[in-house]
Amino acid sequence: MTKKQILVLSSTLFFVWFVVYMATDVWGLINSFQQVNIIWAGINVILAVSLNLVVGFTGQLALGHAGFMAVGAYTSAVLTMHFGIPYVLAILAGAVMAFFMGIVIGLPTLRLRGDYLAIATLGFGEIIRGVLVNIDYVGGAAGINGIAKITNWTWTYIFTIITVVLINNFIHSLHGKACITIRDDEVASELMGINTTYYKTLAFSMGAFFAGIAGGLYAHYFFMIQPATFALQKSFDALVMVVLGGLGSITGAVLAGLGVTFMNAALIELGAFRMVIYSVLLILVMMFRPQGLMGNKEFSARVFDRILPKRGGKDDV
Amino acid sequence: MFKAKKVSKMFGGLAAIKDLHLHIEPGELVGLIGPNGAGKTTAFNLMTGVYSPTEGELCFVGENVAGLKPYIITNKGIARTFQNIRLFKSMSVIDNVKVGFHGHIQYSLFSAFFHGKTYRTVETEMENRAMHLLQIFNLQDKRDELASNLPYGEQRRLEIVRALAAKPKLLLLDEPAAGMNPQETKQLMALIHKIRQDFQLTILLIEHDMSLVMGICERLYVLDYGRIIAEGTPEEIKNNPKVIEAYLGEEALHA
Amino acid sequence: METLIAQILNGLSLGSIYALIALGYTMVYGIIQLINFAHGEILMIGAYVGYFSVAVLGLNIYMALLLSMFVSSLVGVLIERIAYKPLRKSGRLSVLITAIGMSLLLQNGGLIVFGTDFVPFPQVIERIPYRLFGGRFVVTSHQILIFAVSILMMLLLQYIVGYTKIGMAMRAVSYDKEAASLMGINVDNVISFTFVIGSSLGAVAGVLLGLYYQTIHPLMGFMPGLKAFVAAVLGGIGVIPGAMLGGFLLGIIEALVSGYWSTTYKDPVVFVVLIVILIVKPTGLLGKNTSEKV
């Protein structure tokens, strides 16, 4: 990116933060239901972008995202409640914990063909829940209550932007390209000197890391977490976002994260019918546009050049 | 440089390769020929670690590489192309080449996430090297196209570029001219000659088309039913009765 | 010792249900290499059809089983034709995601159609406890029925796959689709037939699960479906005797965990079993090695 693009991009991001911040905290334009949705939007964008790293870019169908979210949520909640660890550190610690869980679960299963991964990660999500239910220290099935409510729009926004930027950077690096080669052709990838197991595990545990962050944000906003909060349904939600947004598009994942959040809010009355809509969408997209709605297209910073008057200088995106 | 000693590969009860002996000296251009289903690609798969041999030793620069994982073997200096082109379809031409650098030009994960100065220097270097390689194969104008959108002949050339990017000592080409017209084939053969000199490569090449191999290889191995049935200069091979039988036998079968 | 045997007996009846479900997974996987996530929902549909046949139509259990097999097969074949067949040439990921979509669709469709309440499953035969060895072990008539029906279905399946023409065609298609089609086998029909058999077994399993747990629910198929898949992997995916062995083993493991440890651990343990088997012997207990062609 050129300096100009960075400048434009960061001022846009700042402007978005500022407007929402003012609208919520100062002007009081946003009611509490909408505020919850705004936090959800951030959490969902993080979930979608991080799962896209695994499913969309690396081509590994992982269904345990909610499990990693749970790890992040519980770890950070315990750290802030019982050990007085500062919020940001606790969230990062939760993410690191999820990262290591990602390695533990990824190493054995990622060596195998993709289909097993789907089941193994599904199962992993269930193991996490099963274990949490049986630990009295974290409240068993009742979960943890009374977590400090620290997550707000600003924190959510910061973590979301950081997640998107880091994953975007990663994907465009050589390491990220190594992941994409695995999706395209795993055998050829290995024969080009790429340690595919390493990169699959890396992508998977990085995905887990950011899901852990999403969990930490969640725990410190809704101040109550239960094993049931992180049921399979959450993992499927994340998958729906990735597929609708585009397998292998960061922009798509961001848009789908936002879109699904606001659709959830709009369809909240519909209950099971909402999932019927999503599942039909899932099937239709796979049939008619298997690369997802956005495919692997990205919204690039060049758009800003079109908006702004050109002053020479070349694009080097 | 490369030696296969008594290498066998069994699938179930069937021997796809039996007692394979090969030796390739540095700088040679050797051909591996044989009728359909003789086990040529299986031999490549064994040499590159896709399969591990049931029996025998594969020595590359004095080290037994049999049973090592493919990526390790590649990083030791054996790169290959595929009979049925296996490019990374969703990636651009230049990215396909950059991926080839994976084993020897690299920056840390930290750089990958934060795009610092090392990232930019290394990316620029890769960019230059990739363009240089693409120019040799006259693909520089296609740099940003998707690999899957290239015409067939260019895809074949791109596969060779990608393999070269891995900086191999030994390059394995699996039917590089398959599907090309005579004109393209001729150009390709000239290119193979050129890169062998420029990159000081040793090349082992599978080819179906006998006349073509005869023209460029210094030495040939003939594989039939998983066994080496003959070895020698193109001239010797041409007159070897066993080889004639193997090929005629096949034709008789098809007639 | 006595609890051990009691738990094993209990595990055998649950395990025989898992085995039936696992057979459906393994057969579909063997023939089109797809984890049919919607298989658990086929089971659920089977259970509901069984329920309606008995409670509304007043059929006896055997007629109910037949009807539910019929309806489930129909649904199974429809799913294959509508959702999976168009994607046969697409990537694995697309088909898997479609299968998950199908599963979600049927679950949530079920919630809408059948409601969100647990429905008591009619007790079609009298629950008679039989005391064995001087009353030290109790086996109920339900357990015997479940076990007997399952074994019967498995024998039937073995016969179909091993000794009939269509069974031979199925084996041929699972071995090599192209070659089979060159030999004049209608691959599409064979695949549909596989779904018929798999779904029928699933329907039987659904009705038996209704008998076992005595209630049914639109989401009832999901967990047993996943566990049965684990059973199939445990035994060796694509291998029919493997699915049976895996099913029985998993049922027994689950019963033992519930009996000796805690019922809250029974679900996680199943997945621990999966991960262990994937690490130790990814091809499963009775599986064979395969490697990808380059």
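Chains here go by letter, A, B and C, matching the order in which they are written, and residues are numbered from 1 within each.
One rule holds in what follows: a contact is a pair of C-beta atoms (placed from the backbone, for glycine too) under 8 Å apart; a residue touches a chain by one contact, two chains touch by 3 or more.
If you're wondering where the values come from, they're calculated on a predicted model, not measured in any experiment.
Undergrad: Going by C-alpha centres, which chain would you call the most central?
TA: That would be A.
Undergrad: Sort the chain pairs by how many C-beta pairs are in contact and tell me the top one.
TA: If you count contacting C-beta pairs, the leading pair is A-C.
Undergrad: Which whole number of Å gives the spacing of the CA centres of chain A and chain C?
TA: 33
Undergrad: Using mean C-alpha positions as chain centres, tell me how far chain A is from chain B in Å, no decimals.
TA: That gives a centre separation of 40 Å.
Undergrad: Taking each chain's centre as its mean C-alpha position, how far apart are chain B and chain C in Å?
TA: From the centre of chain B to the centre of chain C is 46 Å.
Undergrad: For chain B, which residues are shared contacts with two or more other chains?
TA: As it turns out, chain B has residues touching two or more other chains at 50, 82.
Undergrad: Quick one: which residues in chain A touch 2 or more of the other chains?
TA: In chain A, residues 187 touch at least two other chains, as defined above.
Undergrad: Would you give the residues of chain C that are in contact with at least 2 other chains, written as numbers and ranges?
TA: Residues 294.
Undergrad: Could you pull out which chain A residues touch chain C in their complex?
TA: These residues of chain A touch chain C: 55, 59, 61, 63, 105, 108-109, 111-112, 114-116, 118-120, 122-124, 126-127, 129-131, 133-134, 187, 236, 239, 243, 247, 271-273, 275-276, 278-280, 282-283, 286-287, 290.
Undergrad: Enumerate the contact residues on chain C facing chain A in the complex.
TA: Residues of chain C touching chain A: 33-35, 83, 86-87, 90-98, 100-105, 107-109, 111-112, 116, 226, 229-230, 233, 262, 264-265, 267-268, 270-272, 274-275, 278-279, 282, 292, 294.
Undergrad: Sort out for me which residues of chain B touch chain A in the complex.
TA: By the definition above, chain B touches chain A via 48, 50, 69-71, 74-75, 79-80, 82, 86-91, 95, 98-103, 105-107, 109, 111-115, 119, 122, 126, 162, 166.
Undergrad: Can you tell me which positions in chain A touch chain B when the two form their complex?
TA: 166, 169-170, 173-178, 180-181, 183-185, 187-196, 202, 248, 296
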